[in-house]
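Here the chain labels run A, B and C in written order, and each chain numbers its own residues starting at 1.
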Amino acid sequence: MRQATREYSFDWMLWATFHAASKLKKGTEKEYRSVLNYIPYFRGIVENVLKLGEPGELFVKMCERYLDNLVHVHERGRKNAITTFCFSPTIFYAMDITPVCMEVMTAFMTLTYKRGTAEFLDYCNEVGFTETSCSSQRGSLGAYLAGVGTDIDMIITDTPGVCDTNANAFSFAAAYLNKPFFQLDMPPVLTGERSNEYHRADYRALISFLEEQTGKKLDIDRLREVLAEYEKQDELINELEDLYRLVPNPLPVPFSLFLYASRFLFAGMKECTELLESMLRSGRENAERGISGLSGGSEKLRAFFCYIDHYTQNLHLWEMLDSLGICYAGNILSRYWAPDAPYVKEFQMQEAAYTIDTATVDTMIDSLALINSRMPMVKSIRGPYDAPNMWLEDTLSLAKMYRVDFIVYNGTPGCRNTWGMLKPFARDTEKAGFPTYIMYADAFDDRVQSWEATRERFEEFLSVRGLLG
Amino acid sequence: MREALREAAVVINNSFVRSWKAGGKQIVGYTCSYVPDEIFHAAGILPYRIRGFGAEETTIGDTYFGPFICSLPKCMLQLIGQGDFDFLDGAVITPGCDSMRRLDDCWRKAGEDYPGIVPGFFFHFGVPHKCTDYTVKWFAEEIRRLIDAVEHYFSLRITEEGLKASIRVYNRGRALLEELEELRIMSEPPFSGTDELAVILAGSAVPRDEYNEMLQEFIEESRSRAGIDGKRRLMLVGSANDDVELIRLIEGDKALVVADNLCFGSRFHLDLVSEEGDPVIALAKRYLSKNECPRMYGQYRARLDILKENIQRAGVEGVILQNIRFCDLHGAENGLFERDLEATGIPCMRIEREYGPLVETGRMKMRIDAFLERIEQRKETA
Amino acid sequence: MIVAGCDVGSLTSKAVLMKDGRILGDAVIRSSAKPWESAEAVMQRALPENVSREDIGYCVGTGYGREKIPFVNEVVTEIACHGKGAQWLVRTARTVIDIGGQDCKVMRLDTDGTMMKFVTNDKCASGTGRFLEVMARVLGVALDELGDMSARSRNPVTFANACTVWVQADVIQHLNDGIPREDIAAGINNAMASRIAILVNAIGVERDVCMTGGVAKNNGVIAALDKLLGIRMRRIRRYDPQLVGAIGAALFAAEKAGGGVI
């Protein structure tokens, strides 16, 4: 690790970056344009986000807020918890714990910095962690292992049974840094009384753990508040997901990122609600006028990413889709399985959805357990991929509902889970009539396959399959 | 060692399997040490641990599994696709790890292209990743679910007494393996680690009653054999290995592998199942609480303590921490073991390898030789 | 007594003869497919004028082909030999980096030469001599020119990829784009250094650090590595760094022949 990297706390550095970015639109347009000349390395990401107007600004503000919380956590007398994006932070906010989501931290850095998290990825190797583990955790994990991040109070994961490489990274971090650790374990089946009971018992054990760590009991009123806000967010998301069905799709490509980022960062908190409301206003406006959310205005293709996006510098995946006239119907990260979600209603999947009942503390905890077990990936990549409620069913129903022209898989070489059955999966989606493209890139590490090569191969797929005239 | 025992270690369709099938009986394969063999024993079915040993290539494996996957399930699928496991009447797959878990998906899909390779009884057996009261309860229910499915499919009954009787048979085997372990850690052991692994492997591929007999025999004849002296004592830790040649390569003529924490190894026989009370609960408790697999997240310190205890007990002079390429679980935990064992003065060496035909033997041998030189030097300067 | 060390590697074979702690003769040749042939050839080549094979009292073999050399008295691994040889050449050497044609090894030595720890990389070609060979060929320069090109570079290319295959493609791309060869060479040397740095940091840097093996002659890699590790490595100047393994083997030969430690 370079000396310079060791000298700055990396999360402080990210916060300072987003903090500055959050002020960019406070002046005049002319002032904004001239500042861009002074930030040649950040210009790309800044422009790609802020050109979307209010939602873009709120997105930056939201990220800044998240980082502000975690950088000042101990000063403000709170505890923090390192966790995964698959874990809904709602419970943390209900218990006044500041979440630090590793994959989000990695993405913050890979989206903004030219070298991404390369040094931290390498540092993980140096301390004995396996190079083959998923880069999404490894990117920021390296920083925390090297002690150039904020001090951690506890480590929570809910991916055992869903994703080994993820759960393993958190387990390793806990052992390496000697921190309290809790895992929510997921059985291979999503629905049914046995699974519900298991999720419930496990979640209660989690709450006891959190109460022990913070020295405070779960505040029922606060929990009710947070869940009420969560439900409000569900309504907004349901409507946004409905808008996705329109042809042309009225939502700009990056909105899908904003949607799931807001959920991962602030589920149950108003920062998420504000952003969703703004996106909805913008989306409704476009829908009323029957226009496409693409900046070129002309929708040529509709894509569904069955897994995750590509998070290296400058939002270039979203940029590429936008410039090619491809609207984006989201990916595995943008679906939460609320009871009134359009796909739940469309395909009669009520059993797969969660329910929210704020009547008593017990029903609320049950709701949280269910919400958590339906989080992206936790829901659908836990059992055999072709089992009910699992990945294939989800992908095909969403692809049908959003009338997409093709499906794209993008992940990381660390994803043992998906690479373990991706070929049969793609065969099935092709059989179902969706041209399917498998990207061999690493969503968080351009050293595996450069963005240029990635883009080239993507475009080659489109032309070979006759998708783009 | 009886020839039949040695054969069972290196031949998939060994003589016991052949005569079992010839007798009109059934065999169910399983992929992970968390599956209670006792269930099948009680049903009169031979439980057979599926391996990938002997796969010469992974053309079939690679067709279904993607590129970034550990070679263990690929080799298993290769053999399955080639028809080498056609003698199975059933298969039980567990989420031992993600790569192994996906063997379920890939096997069934390969079955669409290679007719007849998917046995009629195909079961996905969930195993929790931690041991608490509610996970043991869930696991007990899962065991009952497996029992019900076996009864239903094979049209038989597994009674409580039958299960208890099987537990006793397996416990007898475990006690014998414990005796074997005592011989193995003598200052001059009567057999090499190579032979020890052969004996252990046979246990996963031979009917347990006969195996207990042969094991007893091997232990007795070992007691009267002269010990092997003058070797460096090593411990082998990490990813699954079912190839005796790997141990032979490590031992060479200078060392003995006197301890291990491997899946086909000591993990297979530690701890007895309680013979009191409800046998299903007893099985759930024993299988879920033994702790040598990094899939049980958050239990690193306990596993480290077990290693340290074994190192002490067996007089281990050096630890080889190996993992199969792409094995995240062992690949990460080995890093922690190295850090913590070296800190207590125990020489460690990490090796990454492929599962499958032993290639790169020259390179591996060089590293092992260098490691042994390091241990020698340490002894001289001590 | 005259002793000898014979290091048969996969790409090159080396031999060194010593007497009373001084080197009498040495040689480096390209290995053939048969290790015993390479060993014979290099030993012959290393003989100084007035010395014959019969004069050699004890010989230690090392390297990948060590078990196949018929005339050695015993074998020692190249890890131990490189450590031994390095510390003889650089008394204060505590961390020794040996980059061979096909793998990369780093070892930590104690003050008395005891091997404390070693770590190896054999995952792929990046970080081995093979990487530089391939790139030199693509670039159209001789391997031994590659190192000095770094110093003449004004604007080194940064290779995003770690993989030899991708870097090769990138080099071709850069050549086609008209990027100066020096800048590409510097980028190659830097990429090599960063792979090595990971391995070195994994074992921990303890000064003095030195490099052995063919890649040690590449000044570009050495300079880049110095920067990454934040120290100045001790250069081996007295002899060809490729000979270090054979020197170490000869030193072991002297010890084992009863001559004690040199």
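The rule is simple: a residue touches a chain if its C-beta (ideal position, glycine included) is under 8 Å from a C-beta of that chain, and two chains touch if they have at least 3 such contacts.
As the structure is a prediction and not an experimental result, all values here were calculated from the model.
With chains as nodes and touching pairs as edges, the resulting graph is complete, every pair of chains being joined. Looking at contact counts per chain pair, the maximum sits at A-B.
The distance from the centre of subunit B to the centre of subunit C, with each centre set as the mean of the Cα atoms, comes to 40 Å. Subunit A and subunit B have centres, each the mean of its CA atoms, that are 38 Å apart.
Each chain gets a centre from the mean of its Cα atoms; for subunit A and subunit C, those two points are 46 Å apart. Within subunit C, residues 123 each touch two or more of the remaining chains.
Counting partner chains per residue, subunit B shows two or more touched chains at residues 325, 350. Residues of subunit A in contact with at least two other chains: 127-128, 131. For subunit B in complex with subunit A, the touching residues are 63-70, 73, 95, 97-99, 101-102, 104-106, 108-109, 124, 126, 128-130, 132, 134-135, 138, 141, 294-295, 297-298, 300-301, 323, 325-329, 331-336, 338-339, 350. For subunit B in complex with subunit C, the residues that touch the partner chain are 325, 342, 347, 349-350, 352, 360, 362-363, 366-367, 369-371, 373-374, 377-378, 381.
Residues of subunit C that touch subunit B in their complex: 64, 76-80, 103, 112, 114-120, 122-123. If you check the complex, the residues on subunit C that touch subunit A are 123, 160-163, 166, 169-170, 194, 197-198, 201-202, 228, 230.
Of all residues in subunit A, those touching subunit C in their complex are 1-3, 122-123, 125-128, 131, 446-450, 453.
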